[in-house]
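The structures considered in this document are given below.
Consider the two complexes below, in which subunit A is the common component and subunit B and subunit C are the respective partners.
Let's look at the complex of A and B:
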C-alpha cells in the first residue's frame, strides 16, 4: 500500500513537470501550427543556464530559474522572428528548422559544459515522512511551482487580452489579422512563452533529475506522447494527459519494470489513437 | 526509328525526367566498385546509396503529403528479417531481396488500416510512436533479435554460388539494391501519379469524387515500407550486423531531412539530399564535436535559402527544374487548430 501511495506521489510530480513541458509544445502547435522539435533543447538550455547562474555567478537558485526562463523565452522569440516566421505556413520547413536548431543547441551545450552529466543539486534538502512514505521537499517545491505555472498559463490564455489574441490567431489567422491583430508581434511572443515554459521546467526539474546534453531526446519523445494522447493543440488535453502519463510511468516502472512500462505507455497511446484519432480532448483537425 | 524515339519519349513523360535521370545516376554507381579500391570511397558510396534508398521510402509517402517517422522501424524489420534468414541458411541474394521487401510490407498492411485514418500531424506523431514501440520490442525479444547485442556475424549473401563477402561485392550488392529501389519508387509514383497527387492536393475532395483514397494510401505505405526494408537489407549487409542502434529514431530523422532538403519535386531530390548531406557529415566528422551543429546549420541554411530543396536550386545552365504540380514546398499545408 505504501508503495502504491509513493508511486502515486511520484507520478503526480512527474505529471506536473510533463504538463508544463507539453503545455509549451501544444501552445506552439495550436497557435503557430509548428511541431517544435527543439522543445527538448530549450528544456536542456533552461537547465544549463540555471546551473551556470548558480555555479558560475553564485546567484541564488530562484534568480537562476528566472534567468533560465527569460533566456529561453528570448531565444525562442528571436528564433521565431528571424527564422521560423518566413516559413510559418510550411509544416515541413518548420520541422527541419526546429530540428536544425536542436542540433546546434545540443552542440553548443556540449562545447560549453562537456558531455558528462553536471552536478546540479536542488538547494532544498530534507524530506517529508509519514510511515514508509517519504517525499523529498525538493519534489514538493517543484510540484507547487509547476502547478502555479500551469495556473499562470491558463490565466494568460483565457483571462488576458494577449491570450484572447493568440487564441483568435490560432482559430483563424486571416480573419484575426484582418481585424488588426499583429501576427509579427504575437507569433514570436507565443513561441517565446512556450520556450520560456520549457526553460522554466528545465531549470526547475533538472536539479532533482539529471542534467546532460542528451536529455532533450527523451523529453521530446515524452512531449510527443502527451500531446498525441491529449489531442494536439488542446491545453486542457495536454495537462490531463501529462498526469495520466506521469502516473502510468510511475506505476508501470514499479510494477512492470522500466522497458515494459515504456511499452505500456506507447501501446496506450496507439490504442487511444485508434479509438479516438484526435486524442482525448482534441477536436477534428481542419482538413488541409 | 521515329516510332522508337517517340515511345522512348512517352516512357520519359510517364516516368518523369528526374526519375529516369536518378535511375541512370544510380546505375552509374556500379562503376565505383570497379574504378577504385579506396576504402573511403567504398564506405561513402555505401552510405550515400543506403541513405538514398531510405530517402526514397520517405519520398513515396511525401508524394501523398504524409510524413512517416516509421521508416527506421521498417528498415529494422527488413534488416532483422534478412539477418535471421541468413543465419538460418538462406543466403541467396534474390531470396533475401524478396524477404527484405516483403516482411516490412506485410507488417505495413495491417498497420496502415490503423494509422492511415490519421491525418497530417497525428500521422507524423503516431508513426514516431510506432518506431519507439519497435525499438523496445527489439530489446524485449532477445530470442529472435538478440536483444541489446543484436545479431552479429550475419553470413554474406550469395549469388549463383558465389559468396558476396568482399568489400567490392558488398558495394555491388548495395548498388543492385539501390537501382531496384529506384525502379520500384519510380514505378509506383509514376503508376499512381494522379491518385497520389489527388490525395496530396485535397484528400476530402478526392474521396468525395469517388477516389478510394484509403486503398492508394495503403499501397503507398506498403511499397514505402518495402523500400525501407531494402535499405535495411543494404545496411545490415554492409555492417554484417543487425543492431537496434542502427535503426534509431534519430537516424529516421536524417533520412527525412535528406528527402526534404534535397527537394520533393522528383526522385532527384532524395538522391541529391542524401549525397550532399552524407558527404557533408563525413567532412564535418573531422571537426569532431562541432559536427552536429554544422549539420544543423546546413539544414537551416538550405531550408532558408532554397525553398524547393537542393534539387530545386535554379542554375541558369540547367534551365527550369521540372516541378510536379502540387509538389512545391507549400503543399504540406498548415493545419493549425483552435485551442
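Let's look at the complex of A and C:
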C-alpha cells in the first residue's frame, strides 16, 4: 500500500514538472504554429541563469528564478522578432531555426560553464515523511508553481485582452491584422511568455535534479510527447496529459522497472493516437 | 668574373637544395586519430581522451618530432566527436580513413567500440578503445586493442575489498539499458553474487532526468549498497542525490567510469555521502596527478579528468612508439605488429603487462594496475592500487 501511495505522489510530482515544461511548448504551437525545438535550450538556460545569479552574484534564490524567467522571456521575444517572424509561415524553416538556436545555446553553455554538472542545490531541503512515504519539500514548491502557472496561462489566454488577441491571430491572421491587431508585437510577446515559462521551469527544477548542458534533449522529447498526447495547441490538454504521463511513468517504473516503464509510456502515446489522432483534447480542423 | 658567376650559381643551387629538404622535413607528418564523445553527457571522457593524446603528441613534437626511419616527423592529432554512439564511431572510422589516419586512439564507450570495430577492421585501422564491453576486443578484430583492464579483470579483487570494508550483504546495480550499461552490470552482478552478496540489476532508459520512480523501486528492495555502475556522471549524480533524499543510509559504489567529483558534489559533500567505493581505471600516483593537471592546463583550457587523460596519454605514447618502430602511420597492420612487441610501461601509469586472454581470447589489452578509491564514514581514504595481472 505504501508503495502505491509513493508511486502516486511521485507521479503527481513528475506530472507537475512535465506540465510546466509542456505548457510553453504547446502555447507556441497553439498561437504561432511553430514547433519550438529550442524549448529544451530555454529550460537549460533558465537553470544556468539561476545558478549564475545565486553562485556568482550571491543573490537570493527567488531573485534568481525571476531573473531566469525574464532573461529567457527576453531572449525568446527577440529571437521571434528578429529571426522567426520572417519565416513564420514556413514550418520547415522555423523548425530548422529553432533547432539551430538550441545547438547554439548548448554550445555557449558548454563554453561558459563546462561539460560537467554544476553544483546547484535547491534552498528548500528536507522531506515530509510517513513510514516509507516521503515528499521532498522542493517538489511541493514545484507543484504549487505548476498549479499557479496553469492558472496563469489559462487566465492569460481566455480571460485577458492579450489572450483574446493572440487567439484571434492564431485563428485567422489576415482578418485579425486587418482589424488592427499587430502580429509583430503580439507574436514576440507570446513567444516570450512561452520561453519565459521554460526558463522558470528550469530555474525551479534543475536544482532538484541535475544541471548540465545536455539535459535539453530529453526535455524536448518529453514535452513533444506530452503535447502530442494532449493535443497540439491545447493548454488544458497539455496539463492533463502531463499528469497522465507522470502517473503512468511512476507506476510502471516502480512496478515493472525502468526499461519497461519507458516502453509503457510510448505504447500509451501510440494507442492514444491510433484511437484519437488529434490527441486527448485536440481539435480536428477542416479546410474551408 | 666567370669563376665568380659559377660560384654564385653553385651556392644558389646548394641553398635551394637545403631549403627543399627542410621543406620536406616540415611536410613529414605522423597522423594519429582520437575518437570519443566530445559533446553530450559523456563529453568529459571524450575531451579528456583528446587531451591525453595531445599531451603524448606534444612530448614527441617538443623533442624534435617522432623518429620515423631517418626522419623526424611532426605528430598531428586528428580528433572526431563520436557522440557516444555506434553510428558516430563508425562514421569516425570512415572519416579518419579518408584523411589518411589509420591509427586511432579511442573510442571511449561500449556503443562506440561496437560501432567502430568492424569498420576499422575493414579499413585496416588500429583502434585502442577503453570500453568495458564484454567484446571490447577479440580474435575477430586483430587490429583492436584495449587501453585499460576490463571488468572481468578487476571486478573480483575490487568487489572483495568493498565487501570486506563495508560488510555489504545486498546490493542493487543500476545502469542504462544499453550495451554501455548491461555489459558491465552483468559482470558486476555475477561477481557480487560470487562473493555471497545478494545482487539485483536495475536498468533505466538513457535520457532519464528524474530518477524518483527508480529510486522508489530500489528502496523497496532495501539494499545495504547501491552500485551506480556505468551510468554517465550526470545520471549517477542525480541518482545518488535522490537516493539520499529518499533516506538511503547504506554504501554507494561505482564500478564504472570516473564520476567521483560529480557524485560528491551532488550529495552535498563527502560527509553527506558517507560510504563510497569506486574504481579508478588506472592507478595514478598523486605526484603524477599533479603533473598531469599542470601539463594539461598548459596545453588547453578544456576541462578534463586526470585519470582519463593519463589512460589516453599512455595509449597515445604506445601508439606513437609503434608508429615510430613501424616507420609508418598509414599501414595499420604494420603498426599493430610493432605495438604487440612493445612493453606495457608508462611514466604515469607504471608497469603493466599484456592481458586479455581469459576475458577476450586475445592478448591485446594494456593491463596497467587499476585503483580503488574509498570514502569511509565521510573521510576520503584515497586510491589504492589493484593489480590485474593474472586475473
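The working rule: the second predicted complex is superposed on the first by the 284 of 288 C-alpha atoms of A that agree within 3 Å, B and C clash if a C-alpha of one lies under 4 Å from a C-alpha of the other, contacts with A are read in each partner's own complex, and residues count from 1 in each chain.
FYI, a residue touches a chain if its C-beta (ideal position, glycine included) is under 8 Å from a C-beta of that chain, and two chains touch if they have at least 3 such contacts.
In this text, all values refer to a predicted model and were calculated from it rather than measured experimentally.
Do subunit B and subunit C fit side by side on subunit A after the overlay, or clash?
Once subunit A is superposed (C-alpha atoms), there is a clash between subunit B and subunit C.
Look at the residues of subunit A and decide whether subunit B or subunit C touches more of them.
B
Who does A:217 touch here: subunit B (first), subunit C (second), both, or neither?
Both subunit B and subunit C are touched by A:217.
Looking at A:129, would you say it contacts subunit B, subunit C, both, or neither? Reply first, second, both or neither.
Only subunit C; A:129 stays clear of subunit B.
Looking at A:227 after the superposition, I want to know if it touches subunit B, subunit C, both of them or none. Which is it: first, second, both, neither?
After superposing on A, A:227 lies in contact with subunit B but is clear of subunit C.
Applying the document's definition of touch, where does A:29 land relative to subunit B and subunit C: first, second, both, or neither?
After superposition on chain A, A:29 lies in contact with subunit B alone.
For A:173, decide between first (touching subunit B), second (touching subunit C), both and neither.
Touch partner of A:173: subunit B, not subunit C.
Is A:55 touching the first partner subunit B, the second partner subunit C, both, or neither of them?
After superposing on A, A:55 lies clear of both subunit B and subunit C.
For A:160, using the defined touch cut-off, is the partner it touches subunit B, subunit C, both, or neither? Pick first, second, both or neither.
In the superposed model, A:160 contacts neither subunit B nor subunit C.
Name the stretch of subunit C, from among 38-46, 56-64 or 92-100, that runs into subunit B once the two structures are superposed.
Clashes with subunit B appear only in stretch 92-100.
Counting contacts the way the document defines them, which residues of subunit A are shared by the two interfaces, the one with subunit B and the one with subunit C?
106, 110, 217, 221, 259, 262.
In the complex formed with subunit A, which residues of subunit C make contact?
Within the complex, subunit C touches subunit A at residues 39-41, 43-44, 47, 177, 202-205, 207-210, 212-214, 216-217, 219-220, 233-235, 237-238, 241, 245-247, 261-262, 265-266, 268, 303.
Could you list, by residue number, the parts of subunit A that touch subunit C in their complex?
It is residues 3, 6-7, 10, 13-14, 17, 106, 110, 114-117, 119, 121, 127, 129, 132, 134, 136, 209-210, 212, 214-215, 217-219, 221, 249-250, 253-255, 257-259, 261-262 of subunit A that touch subunit C.
Can you list the residues on subunit B that touch subunit A in the complex?
65, 67, 114-115, 117-122, 124-126, 128-130, 132-133, 136-137, 139-140, 202-204, 249-250, 253, 257, 260-261, 289-293, 295-300, 303-304, 307, 329-330, 332-339
What residues on subunit A touch subunit B, complex-wise?
Interface residues on the subunit A side: 26-27, 29-33, 35, 83, 86-93, 95-97, 99-104, 106-108, 110-111, 157, 167, 170-171, 173, 217, 221, 224-225, 227-228, 232-235, 259-260, 262-263, 266-267, 269-270, 273-274, 277-279, 282-283, 285-288.
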